[in-house]
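By letter and in written order, the chains are A, B and C; residue numbering begins at 1 in each of them.
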Amino acid sequence: MMHLNLLRLGACRVPSRLMSTKSTSVEINDKTGVAILSMCRPPVNSQNVQFLRDLKSSIYEIENNKSRGLILTSANSNVFSAGLDILEMYNADKEQLGTLWTELQNVWIALYGSGLPTAAAINGHAPAGGCLLATACEYRAMLPNCVIGLNETQLGIIAPKWLMSGYQNILPQRLAERALTQGRLFTTEEALKAGLIDEIVNSKEEALEKCLNFIGTFAKVNPLARSLTKLQFRAANIKEFEKIRQKDVEDFVSLASRPEVQKVMGDYLENLKKKSKK
Amino acid sequence: MMHLNLLRLGACRVPSRLMSTKSTSVEINDKTGVAILSMCRPPVNSQNVQFLRDLKSSIYEIENNKSRGLILTSANSNVFSAGLDILEMYNADKEQLGTLWTELQNVWIALYGSGLPTAAAINGHAPAGGCLLATACEYRAMLPNCVIGLNETQLGIIAPKWLMSGYQNILPQRLAERALTQGRLFTTEEALKAGLIDEIVNSKEEALEKCLNFIGTFAKVNPLARSLTKLQFRAANIKEFEKIRQKDVEDFVSLASRPEVQKVMGDYLENLKKKSKK
Amino acid sequence: MMHLNLLRLGACRVPSRLMSTKSTSVEINDKTGVAILSMCRPPVNSQNVQFLRDLKSSIYEIENNKSRGLILTSANSNVFSAGLDILEMYNADKEQLGTLWTELQNVWIALYGSGLPTAAAINGHAPAGGCLLATACEYRAMLPNCVIGLNETQLGIIAPKWLMSGYQNILPQRLAERALTQGRLFTTEEALKAGLIDEIVNSKEEALEKCLNFIGTFAKVNPLARSLTKLQFRAANIKEFEKIRQKDVEDFVSLASRPEVQKVMGDYLENLKKKSKK
């Protein structure tokens, strides 16, 4: 509770603000030393190249600023992040597709490979790329009545190996394989039961409090030893990723360029347009 | 329920039969597109070279026939499969032993590496090679009062690395190591608790229904994306297998040729003969 | 019960004693064939070079003596083992530090790589190096009101990869990463819930009985097949260890030589002195 009060004071009066970007805002509380990184690309934090670059910059800035921890959350209510922005994938040329995927990789490695304690305050839906961000963190608190999951197969695409590794760190192998092949979206309650999230919370405030408490469990731990231990734990996945990084971009570009996949995207966008006209 | 009704209609009236073999029969239902592969080498589906070749052919035929899924079950009541046929191992020369093991490998890789959704309707005991077939699938429903497990150490032999990997995908590491070293046979109830099977069912019919339901969870999933996701998940084990494939045959031949192992087989067969005379 | 009675008889009347060392004692019961290896370096079995060498010798002696199993326990009440002896790390030169770490590696590989069934009767606290010994075994029974865990990050050092692998064989990945980064010490009850131990027992006697029962589960198993299966299961971790073995010593020496780490040790020893004067 103490922690949260400090946070509130910090946020309302004298937050030490870091440079925020167009689609992210960062607040570091002077007392706790913990940074809250808010994604704010309305309405659903869909991930285009600019958004991903902003996110990456903010993560590295927090890391370099010697923060005590990083909490990732959304400034938009109802959605944590809806994943890749289809507008930047539809009718895009190969270079654009390659850039988009490369920036997604960059964000993942920045967050998954961060030496800081990381936690996700999941205050809304987190499908696909949203789940990617949440599972790259070390801890997850989530609001009820939302969904989270790597639902790529439902969209006709494939969660790459490095993304799967986030799942495999968290879920039992059997559950991970099944969820990935089914493209399963877990409800908040199902996610807790499976171990995909750590806590169900009733408000964004409570989510932030739980994340702060998690980061607080490292209070007596040597930060360098902690960081090296975390990276040692994740090293095999990171090394594997580095090896296939370039090929992974090519695979995505090739898949996303296929006429049948483009058609799915076009139909999807058409559908959205119709809905918004109603 | 809908699914099962379709299946029944299909099975009773107009099943589109694929080429069946001496020891397997295959039915594909026109409505569901799901293939039921029945092992029928009475009395216990013991795995000799011919049986394994038949099984392999049927698996590939189902795969190539663009089925929507594969359900493996037994035409014999009480036993799913009793594992390798000791009659083909006792007094066998090295070439015969090598052929037997190679065909076992072939069946495993055909089933474990299948891009189709695979499910096992385990309507009887599934020790050793029977467990191998069941754990190579993605889902398992099993009748009560049966046993399942890799009990190789009880027989004085060793479950090879590639076979262990099936266990490691399903069980927690700690449980897997213990069960493998103990050569443990799980009762149906123990298997459910450990996660080795997914459901306990009260009849073969119900087992088939549950398997169909599992395959139905992929109804809205792009089959190609699903297949690639599954294979990506299993790729490390498959690659590892391919590397040691030949050496693994040699290891088995060398072990199974040892006089003390041959003696265990001889005693076992003698015992069976005595029992059947009573 | 039978087993325990045999054990008691053995221990009290005609134990077939193996060569004991300065800091270990070994008893093999003629009836069960199981060896009890007791650590006895009062007051807390802190691990200096001599203790580690004695432990290593005893493990190999038990292995070579064709024992049916190995139970590791402490002759000191209240502490299983307190981990590395800081007196041999404080103001030590690089050669001494390197020797200490090498002997710790040697004990781990002797125990983790033992073909025998191994069990830990944890009759007291087991932090750091004490936890290392316990998790290298296949089974753990522990007294209540004790703690166990790899708390290295709390001490400003890092649990090496090979030590982490013991945790990863036992705990779910998510729990393992969190516990390692937090340097968490589990209470007996927490350890049971997490799967870090297998049983809570009310006395050292009961701990030994449970360990004997565990080893008894291999009674009908071929010892050679068991041993090869265990080693095949652990082979990847052992191979990984052998590759980094030398670098791992250098990393430890470099870390432990740092003035700030030496200072932590000095302060710690100063504190102990003050406490003992009171």
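In the analysis below, a contact is a pair of C-beta atoms (placed from the backbone, for glycine too) under 8 Å apart; a residue touches a chain by one contact, two chains touch by 3 or more.
All figures in this text were calculated on a predicted structure; none of them were measured in a lab.
Enquirer: What is the size of the turn, to the nearest 5°, that moves the C-alpha atoms of chain A onto the matching ones in chain C?
Expert: To bring chain A onto chain C, one rotates by 120 degrees.
Enquirer: Taking all residue numbers used at the chain A/chain B interface, answer same if over half belong to both copies and different if under half do.
Expert: At the contact between chain A and chain B, which are copies of one sequence, the residues are largely different (under half shared).
Enquirer: Could you give the separation in Å between the centres of chain A and chain B, each centre being the mean of its C-alpha atoms?
Expert: 39
Enquirer: Out of chain C, which residues touch more than one other chain, so two or more?
Expert: Only 172 qualify.
Enquirer: Considering only the defined contacts, which chain A positions touch chain B in the complex?
Expert: It comes out as residues 152-159, 161, 164, 172-174, 176-178, 180-183.
Enquirer: In the complex formed with chain A, which residues of chain B make contact?
Expert: Residue list for chain B touching chain A: 117, 138-139, 168-170, 172, 195, 217-218, 220-222, 224-226, 228-230, 232-234.
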